[in-house]
């Protein structure tokens, strides 16, 4: 029953997403197609973090590391190995690199818990940040531009609307996969670990392996998001690895609803739209944003998705 | 036959009548928040003062300036640039402070054949191999100031210099500019972490290395930290301190105060440059904003005046991009730095002056122009430019 | 590398560590006792620095401005605690992260709205602006010696309060087992407000001591916040002793990293590689330290309640 409801929402979302560029064109606001592409990529990143934090209870402040790594893989390929810059090669490669990094970082970090885990993931991300800043060959602090977007056979990726459809398709596919993951045994075990790890261990589950698997999956999807963002901006920079980015992603999922399948999308959309709207109103928009976030914390503790969640009897 | 001819004549007449724009839209992206916000605010204030002087017009066209804050984040800048170009359809872009921000946003302007006038950062690749017909810099190339300082240090006969800069390619570029003209030996060369707060370690190293002069490049808050700690370690008594104009701009002098006294730095502009445009600029800036202007403000002012003169030269027909480019290249405006001329790579050929921090008769810390280091100095990258 | 330079770098490490201790002490207390992740800790430090800078200009005396600034910041902290943070104690860490992150945004923007975007002028007071000759050939900045003195004094005071007084006992009880402490009749609310106020006062003191050395500008709190968190985590949450040892470790490792890694690398590896890797390695040395400590002791060196 739950799967059916989830499928229904997903189909509705995809339909709306497909219709959007046409609506934007009619309203003469084509610029917003690329704005929404950005929102969708952030939603992908946030959803990957939500798997880790919301479902797995592992709060990571270093998630931006995988995001940035995925982006840099695309960037470095564009510079050093342009023959591989087809999306069908570059993007899986970005995901593979992020997965490997997540494996290495996860194996070390998952020995810790709670705030120690937060700090150790932060430390890894900061270290990668400083490494990329100092790499002159790849632009260092300035970052590097992509000569052109990754290519897909038969599609003109330079066209913002085409690129938007690709991003939409990927986000839809990932949300579908994440939804199935939630409902699967893996998802149930993960939620059980979040609730009470000791109990799960006593029941015989190898909790470390489950946590590591979740960490790697989350990192892989973040790598894909990074590859997409590199294409969206035609640009990569070490800023993408900074703890600022990890923090913003965390804020998005708390805003959107931890553990909810739609939390990442809801949080990314609300945060970015709020930013866009508030900056138009006042120079002191950060105060307004801060107050709104405080309001959410105190009055909508389950985030926005929580406002829509069916109350369990 | 006659109808055909008539149609041809009409078509020719109509196409010759290029509809002149009725206003000019400027997209101004700058860093207006966070620690870097001081610089963006200065550029914006200079730009706005120029608009006041031109009566809100650029070249006779009413100017609509859309000001955006990039928060010193490259992806925000990219988004803003896209919005300005695609949604707001601006005619000209300007304003960006930092090189990495420009790197993110430039493609949005230049790729869409929109002119971008840089009132600050001047990346060396845009001066050289990647020079672009739509990119103009009214400021300098990223290592020009340090070249000038290097020459001055060399000419003064120093032979054993300690160099300190942050560990990122921009920092290393600045140091390379210094090295291009300073031919002596190095007592030490240290690269610090970006955003580092405490320089006690490096200052101790300097003291132990016993250089005959110290050259530093630490932009923004890093420089403020360093200067305060330098003074408090009593280093100024034993070691002459050389820097670039960026470390001693007027806002920094006002904020830091006494620790800057006596420091030597190089820049392309100063408060006391003796020309009519500058005198008016400095006086009106102080009247309007209650503080003295710095180089950043002068660059913002010059950017606006450059656009103003160029648009006037094409008589408002800004759609004719080839003509507008020629007008920009001619740069007929009166710059506050004195004579102004673009090189073929759209970067200035200009003088660089040695300045020293002194206290003026009102007790304020200001730069006094001491001498001219370079006259009509081009940048080091123009040979690589194929325009 | 002379002995004198080595000694001087040791002093630098000690001084940097004690600077961090002032911030880490408040943070670890708040974290350990109220179980509150307070990202706005750096904002209290910023406010403290701003107040001291403003008061110094208003009264003309740094030494007068410091106690006034500390008291003002402590009061502000306690008001903040009573009005906003109190509602967060029972919430999960993530809600605390979101709420205190929101506070950072508000604090930064409000500060900018009030004081403007230019950095504030705050210089070392005349009484401490010279150097002191410690050994023949080794002079050290008087102000930095003052920081060392203040840091050690605060450490001693905190040690005394926490281990030898009744309120300190309540604090330690609260840190190791809050429910038990409440059950035994401690007025938790009042204790929490007092602890938070003390943390805010320490922030202000840190701001006052560091303001003359560093730029007093919007956003100054976030840079140093990370270092404070690293220190707290290394030392173990809730432990003043941990914060002290952690801070000294971080100070020394960072200082020695910057002072010696590039030189050592240059001696061992090719100059090109050493020049590229040295500064980067020095920059990440404290993160490596933290990862190393957590790998060996996943809860830090001296966690409270252990």
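Letters A, B and C mark the chains in the order given here, with residues in each chain numbered from 1 onward.
Assume a contact is a pair of C-beta atoms (placed from the backbone, for glycine too) under 8 Å apart; a residue touches a chain by one contact, two chains touch by 3 or more.
Keep in mind the model is a prediction, meaning the values are calculated, not measured.
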| item | value |
| --- | --- |
| From chain A, the most remote chain by mean C-alpha position | B |
| Selected interface, A-B versus A-C, where C-beta contact pairs are more numerous | A-C |
| Inter-chain centre distance, chain A versus chain B - centres from mean C-alpha coordinates, in Å | 37 |
| Approximate Å spacing (C-alpha centroids) for the pair chain A, chain C | 32 |
| For chain B, residues contacting two or more additional chains | 32-33, 167, 193-194 |
| Junction residues of chain A - those touching two or more other chains | 130, 134, 286 |
| Sites on chain C at which at least two other chains make contact | 279-280, 283 |
| Chain B to chain C touching residues, read off their complex | 32-35, 37-38, 41, 167, 190-198, 200-202, 204-205, 207-208, 221, 224-225, 228-229, 231-234, 251-252, 254-259 |
| In the complex with chain A, residue positions of chain C that touch it | 31, 37, 84, 87-88, 91, 93-95, 97-99, 101-106, 108-110, 113, 226, 229-230, 233, 237, 276, 279-280, 283-284, 287-288, 290-291, 294-295, 298-300 |
| Chain B residues touching chain A - in the complex, by the definition given at the top | 32-33, 68-69, 73-75, 78-79, 82-83, 86-87, 99-100, 103-104, 107, 123, 167-170, 172, 193-194 |
| Interface residues, chain C side, partner chain B - complex | 2, 4-5, 8-9, 12, 15-16, 19, 112, 117-121, 123-124, 129-131, 139, 141, 143-144, 210, 212-215, 217-220, 223-224, 255, 258-259, 262, 275, 278-280, 282-283 |
| Parts of chain A lying in touch with chain C, wherever the complex brings them together | 53, 59, 108, 111-116, 119-120, 122-124, 126-127, 130-131, 134, 243, 247, 250-251, 254-255, 258, 284, 286-287, 289-294, 296-298, 301 |
